[in-house]
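Look for chain A in each of the two complexes below; its partner is chain B in the first and chain C in the second.
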Partner chain A sequence: MFGQTLYVQWKWNRDFLAFYTAVGFAAPLLILWIALPHLGLTSARELVSVGRVVGITSAVIAVVAGLTVAWHGYGIDDRVGHIYALSLPITRSRALGIRAGAAALILTLPALGVWVGASLAASQVDLPTTLHSYSGSLASRALLAAWLAHACMFALRYSAGRRAQLVLATLVICIGVLGFATEAVPSARGVIMRAGDFVISNPGPFGVLFGRWTLIDV
Partner chain B sequence: MTHAISIDGLAYRAGRHFAIRDLRMRVPNGSVYGFLGPNGSGKTTTIRLLLGMLPPADGTITVLGHDVPSGAHHALARIGYVPERLHLYPMLTVDETLRYHASFYARWDVTEAERLRCAFDLRAEQRVGRLSKGEAGKLMMLLALAVRPELLVLDEPTDGLDPVVRRDVLAAVLEYVSTHGATVLVSSHLVHEQERVCDWIGVMDGGRLVAEMPMHAFRSGIKRLRISGAPLLAAATPFGILARRTSAGREEEWVVRDWRDDMTSWFATSDAALREVVDLDLEESFVETLRAAREAGGRAA
Partner chain C sequence: MSSPRTLIAAIALAAATAVVSPLTAQSVRPNTDSLLDRIRVLDSAVIVRGRSVDSIRRSLVRPVPPIAVRRGALEVRTVAAVESRVRVAVDSVAGLIERRGGPELAARVALHAPMVLPDSSRAMFGMVRVLALVSDTARRSAPIARRPIPATATASQIADGLASMVEQFALQGVDSALAAWVMVGRVPLRAASATEAGNTYIELATTASAALRRCRDGDAPSCLDVLGIDSLPGTRLERWYAPDDYRALLGIVAPAREDSVAVTAWLKCRDDRDAAACVTAATALPNNRIPPPLSPAARVMFLHEVLTAGGPAAYGRLVNASGSVRTRLEHASREPLDTTVRRWRDRIERARPDRMRLQPGFVIASLGWTGAFLGLAVVRRRSWA
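Now for the complex of A and B:
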């Protein structure tokens, strides 16, 4: 059951997955190839900066991959009115669990692309002894970010259904209003900032997305 | 358990204009139950409710001994379901669809699935999204039959199919039913098709089940009577009057249900003369039943 669901998810999402895996693989190499000619061999600070660009690019790829697979994956059932999924002899919680598990597994592909690309890119650079490359950590973090992004969009899509766009737009407006409130209402700034810090800093729920993403660091 | 499907007091509302209210329905074990009704009468909604796809607002549903929706997944494991439209994943091939479907059913019969695939002339490598309407109908029927169901729920299974494919599909169902003694609930607005295969019938209209009876009772019990000197009030008739229309002179035409031949004597006691008893075919019976139900509904409103 899980194997077949995994296969269906793979077949439904494979174009996106191939794209994100290829981009995840190529991005670190391209960024370093473009940046290296402009760097001095001993410029540790510049190497760290380039490593950060690679890291942030990987983060964006991972998040977008997670969001896309969740959004697109819902479409497979939505276009047939969910009749097939609902007519199968399985509880809804188990069906959703299998679907989420299969998606989590196929999201390892873009992370794998990031790992191989980042490892190859790092091997092209003679790092000073004070610096190290973290391709494995970067890929692991990309995987966690992809899972988190997927989980959020998956929950939104399967709970809100066709109202997901509306819910998403409302969330964006709420964040905008809170951003405006930090400027317009000074007394509320502290509370909003603390709440925001809790959400985006480790060990907050979105900490993995907003921490320090880098391929090369001390 | 004498009924494969048992529904009591079922209520469901979809939007502002459609509701199922206090629906009671019994599908006897081993029967082929024709679920008749015009488009939009609530047949598909009722089917989705009894398969646990929609949550009822009120009432109880029991399917193969399981409460629905709480135990729907247990019931669904023993049900073959063919929806009115293609519901399968379009990017999968026929073979992949069979494997995917099989993975959810412990009762899946690989040999039977392959036999039906060949009999229906479906190519294993063909994509579902590229199947013709007839091929898609055959594939859905194959999936429903290969799970060796105790209950087949068919929602307009032959709607839009050409006569050859329709015959193939119906033949496969009848062969399965005769071999395995399964119960069938088949929804359709194609009355003549139901007449050939069903032994029970339920007529749905405006979210209500307006008639439910054995097919023979429906077919033989509804008659058109030509009467002269008809009484003005006909309250104490031993049969039900579905419609009453004036024809030439003092003659009237009544459409009645629950008719038996020995009821002719009632006219002698009421100073009326029964001129003719006309048999109605299933379609006429269906139309008259609907018309009577709507008139009764209109009067009640």
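Now for the complex of A and C:
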């Protein structure tokens, strides 16, 4: 059952996955190839800045890949009235569990692309002794970020169904209102800021997205 | 003597006076009234202005808070609403003064009476409640001199604010040579936080400077040179930067605009990465415009190392000693500065922030949240749509 679901997921998403894997592979190389001739006599600080650009690009690729796989899978399913899922001799929960597992597996591809591209890029730079490359750590973060982004979109689409856009809009409005409240209701600022800090830092839900993303660091 | 002519004259004068006096009274009365009115106008103006002055005075000089929290040399005035938190904070800071500053710092701190009082600060919409830390009751405090912290600040946050204040008291009144070397206007009684130490490590690891590289390799005189304690022979450019570092240096400092040759070279260095132009532009920089490779934060960490080595009396020895900064630091630490430098460098090396390593807790938390979000979808018990 898992193999069949994995194959279906792969068929649905292989174009996107190929694109994100290629971009994840090429981005570190391209960024360093563009940056290094301009850096010339490279200083450590400039290399760290370039590594940070590579890291942030990898994060964006991973998050978009995760969101796309979840959004696209549900979209195809929804267009045909979930016939495929309903035809399977298993419960809804089990079908979704298998689908999430399959998505998690195929999302390793963009992370692999990031890892190979970042490793190749780092090997071409003559790093000072004070700096290190973190291609493995960067790819691992990319994988975690892709899984998290996929899980968020997966939860939104399969929990809210056709009301997903409404729920998403409500969430965005709520975040905007909270942001506004930090200025409009000063007494609530402390609570909102603490809550925001928790959400975007480890061990909060989105700590992996807002942590440090860089290929080259001290 | 009283001749008839004199008598007639007296009678005539009396008669004339009797006739004229009502007229005179009529002409004087309006003058007096106008003066009285004028006095009343001026008086009211004085009253109005007096009220304005009182209002300004009240807004600038508040009454001293009624509660005095005293421990050792530190006395803080506050109000009942925050007294319990202030007591804990004062205990903590007084301990810091005893451990780090000794009697010399205690004497300086005793000259001040900081205040911790509820206040308000302007927000985009309305006002927000804060706690204001004011350095002294004796001085008229402008709002800018107050340090607002959130009204719900914990005792440790208040202690942190008070400790910063005490660190500034410690540098007040010291001679200009020492104050200029410290640069940041405070004596570091507290150890640098992990973030501060980590930032200093990053500075050491990423700043393009030959002197810093030598310092990291264990050359103590180079460390003392970049810390501004002891100069090696030569210009700043020769001492601190190698030709490979010139382009990074020229990213933060430019030659004088009057020197067209240097400016042209500076542009070529910056835009075309021309190494020869970098040398031309860098060597054209006046000696006093070459920036030191290390920020004041590194000096502050070093000074803390000196005070730690010298014990509680180190602060007194530092501010009371005479001579060069090196002599005074050695006198304060009671050890050769090479030893202090080595310890400072080791401490910074140990503070390397390992920011990219994935900690197991981080991975578990991330996977846990991913699972929780997936669970939201999986556990739903209604139809697919």
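The rule is simple: the second predicted complex is superposed on the first by the 215 of 218 C-alpha atoms of A that agree within 3 Å, B and C clash if a C-alpha of one lies under 4 Å from a C-alpha of the other, contacts with A are read in each partner's own complex, and residues count from 1 in each chain.
Everything that follows uses one rule, which is that a contact is a pair of C-beta atoms (placed from the backbone, for glycine too) under 8 Å apart; a residue touches a chain by one contact, two chains touch by 3 or more.
The structure displayed is predicted, hence computed values, not measured ones.
**Student:** What does the overlay on chain A give for chain B and chain C, a clash or a fit?
**Tutor:** With chain A as the common anchor, chain B and chain C both fit in the superposed model.
**Student:** Touching A:3, do we find chain B (first), chain C (second), both, or neither?
**Tutor:** So A:3 only meets chain B here.
**Student:** Considering only the touch criterion stated at the top, classify A:158 as touching first (chain B), second (chain C), both, or neither.
**Tutor:** Once the two structures are laid over each other on A, A:158 reaches chain C alone.
**Student:** Chain B or chain C: which reaches more residues on chain A?
**Tutor:** Partner touching more chain A residues in the overlay: C.
**Student:** Does chain B (first) or chain C (second) touch A:86, or do both, or does neither?
**Tutor:** Both chain B and chain C are touched by A:86.
**Student:** Have a look at where A:12 lands relative to chain B and chain C in the superposition and call it first, second, both or neither.
**Tutor:** first
**Student:** If you stack the two complexes on chain A, which partner ends up touching A:166: first (chain B), second (chain C), both, or neither?
**Tutor:** neither
**Student:** Touching A:148 in the superposition: chain B (first), chain C (second), both, neither?
**Tutor:** In the superposed model, A:148 contacts chain C only, not chain B.
**Student:** Using C-alpha centres in the superposed arrangement, which angle lies between chain B and chain C as seen from chain A, in steps of 10 degrees?
**Tutor:** Between chain B and chain C, as viewed from chain A: 140 degrees.
**Student:** Given the touch rule stated above, what does A:138 touch, chain B (first), chain C (second), both, or neither?
**Tutor:** A:138 contacts chain C only, not chain B.
**Student:** Just to confirm the geometry: in the superposition, how small does the C-alpha gap between chain B and chain C get, in angstrom?
**Tutor:** Nearest C-alpha pair, chain B versus chain C: 6 Å apart.
**Student:** Do chain B and chain C land on any of the same chain A residues, and which?
**Tutor:** Comparing the two interfaces on chain A, one with chain B and one with chain C, the shared residues are 81, 86.
**Student:** Touching residues of chain A toward chain B in the complex: what are they?
**Tutor:** The touching residues are 1, 3-5, 7-8, 11-12, 76, 79-81, 83-84, 86-91.
**Student:** Show which residues of chain A lie in contact with chain C when the two form their complex.
**Tutor:** For chain A paired with chain C, touching residues are 38-41, 43-46, 48, 77-78, 81-82, 85-86, 92-93, 96-97, 100, 130-131, 134, 137-138, 140-141, 144, 147-148, 151-152, 154-155, 157-159, 161-162, 183-187, 189-190, 202-208, 211-212, 214, 217-218.
**Student:** Which of the residues in chain B come into contact with chain A in the complex?
**Tutor:** 51-53, 73-77, 79, 81, 83, 85-92, 96, 99-100, 103-105
**Student:** Spell out the residues on chain C that touch chain A in their complex, using ranges where they run on.
**Tutor:** Listed in rising order, the residues of chain C that touch chain A are 123-129, 150, 152, 201-202, 204-208, 216, 244-245, 247-248, 273, 275, 278, 352-353, 355-359, 361-363, 365-367, 369-374, 376-381, 384-385.
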